[in-house]
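For reference, chains read A, B and C in written order, and residue numbers begin at 1 within each chain.
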């Protein structure tokens, strides 16, 4: 009944039991994350933070998690301040940092980097996003947010909205939701539909999903509207982009009467209007907070 | 008799009692700031450091203050290493960091930013300088330096020297000195005189100030020469700038016979000669040190 | 029998007794560096990290050392995030940081900077590399690596290989090895031979060294192959560079039958093949680790 993963690379490495273990532990961590209790369980421990790609939220969330537990961090916030600029290769850098620290968090723009790094060092490795690849701690905090705000994930209907083709976040999340048997709706423009492979995997797992192009189709019964950004670069025609963007923007007018909560992995650009921020619908800042107890649970579990 | 400010945005939000409270508490903090005593009163607490504009002194001073008290910091030292470069807006960034941390220190080049941020987040916010706006912790450390080195602020005669028109530091300081009833002289070239509004406010507060263009006029009776930088950009004519700059440069020759101490918010360029650094006149490095206990006092007071 | 150096500027400031003191203390620090034991001997202490030149390994190694001992760090990882960009001079910056902290680690591209800084501030100063100058903590960790992996330094035969002309690391190391009476061989292309002054100093110290251009000459009896990078910029003719580079590349084929260990100050480029990394020969990552306990020993010794 413990947690046996050494590395946190992909949500696909997690069993349902592993996920439940982390979500339960995260709940125990919350008072510490909220500064209501103090902890020193990781005092003396050092987390190596190798952010080859800048990211405020993810980096500060991990640092906060480590420091709330009494631990420390060393590392760099972008490749520029590291020897990377002197031409040192990734392998040497991570092996050295692996010698200094008790665990490594890595973010890199190249898919597969975190897995590769985990094979090069002795210490545990956490993937904080590798390009088009995985970002498992995002998925875990998404699940935790749903559980904390709405209860049993098994009972939920989650609508994934926006760019479902390129968005790594929604792929991982849909696999995880499938493990819990949650119902899902996929809402996207035709150009950005969920890839066939994902649909196939979900179907093989016995999950029925509904696809639609219109947000209004899901407003009445979705418990969660999980919104992602639609990027201009996906559209050769700027006019087409503007039209699509407009149709997938969530504002408080649209939400009127719905009972769903609105989540977003952030950063957002225009896809959620600021007039949603302070309504009971908007939960994306709380979602960001929940990243801290979830990452505390992971750090506590893998650093020995 | 406690300290009731939630945020530290402008020195104008402080009553004289608030200022006295912080100056007294800073004195109690000094042994910890000097590493003669240890403290863990803020252990487990996290301070968010959002420096949209780089600043060594102010940033390191806050970090030192937080860490001397057992706390930790997370954040960024310039906008480049944050998601700001990805186009995330300030509001979203500060709301997220507000979810992670127990207080936020922000430095930004746009006036009013700190006040705005304090309205967006639940945690206390400290203004570490917002462009042409306020920099209240500088004013508090200036007052603390005078009190520690010279005693009762009420009894002092302070000469503010240099760019009194654009220098935000001297505006805030003059308001604060007025609260204590200190005497003031304003020494500047005609182009850079103290703004009429400030003079008016001081006069309304019952404070008489003397204005002059010649430093020599104040050397005999000033207790403090508070020097600020005159920036080349203020003068259309480079020749004019050079002439002015020369007339407002303090060196040890000029100081001979004076009993004043020389203060400066730093960084300086040429306005104080390096030959003053190791004389009994030059107190600007000690002044920088006093920033640490003052910021410790503020952090202790607002983080609960 | 204590350790009386205030500053760590050059290995030439160390007596043999000083070096032995640090190497012995480093051994006591190892369980803490390996996270097997916790320490709080430097809790409340602050180390100022002034990296005017970026360096992952050295910076993270010092930060790790300080944090493993319960201390904290403040500073900057490259000049860009400091007031240096605003034109603040080095002297003012270090004097201010000297007011905040309990010790300063400085890396700068100009030779002599660390010594100069140590004369400007009251706190101890550690040189983390000043351009073509000294990098004493590298020498100490090199010695420590030899002692830990091979035993008495006095008994060793160390081959220094590569760029012996410009490589500051090998100059310092050769002086230190001479203090211990270790035997040395210098292996380099004719253009990059050890400078006459160094040879003269070693000879005056009663040390006999052997010079050769061929690595094969030392493979049979060297205990340590200490490899350094040969930089392209040293050769006007790119063809000549490529020829030389090939002749001074260490791979596992070359090492077959040798009993030497391979060390390198890192970062490496091509001079050691990656096929050596996981052989018993390759000890450069372990060497990097040993930087942590050595720097812990230094920090513990100079911060009071």
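As a working rule, a contact is a pair of C-beta atoms (placed from the backbone, for glycine too) under 8 Å apart; a residue touches a chain by one contact, two chains touch by 3 or more.
Not measured: the values here are computed from a predicted model.
Taking CA atoms, the transformation carrying chain B onto chain C includes a rotation by 120°, reported to the nearest 5.
Residues touching across the chain A and chain B pair largely diverge in numbering: under half of the numbers involved belong to both copies. With centres set at the average Cα position, the gap from chain A to chain B is 41 Å.
The residues of chain A never reach two or more other chains; the list is empty.
Of all residues in chain A, those touching chain C in their complex are 43-46, 48, 72, 74-76, 80-88, 91-93, 95-97, 99-102. Against chain A, the residues of chain C that register as touching in their complex are 32, 35, 37-40, 54-57, 60-61, 63-64, 67-68, 70, 77-78, 266-269, 274, 277, 285-286, 288-289, 292.
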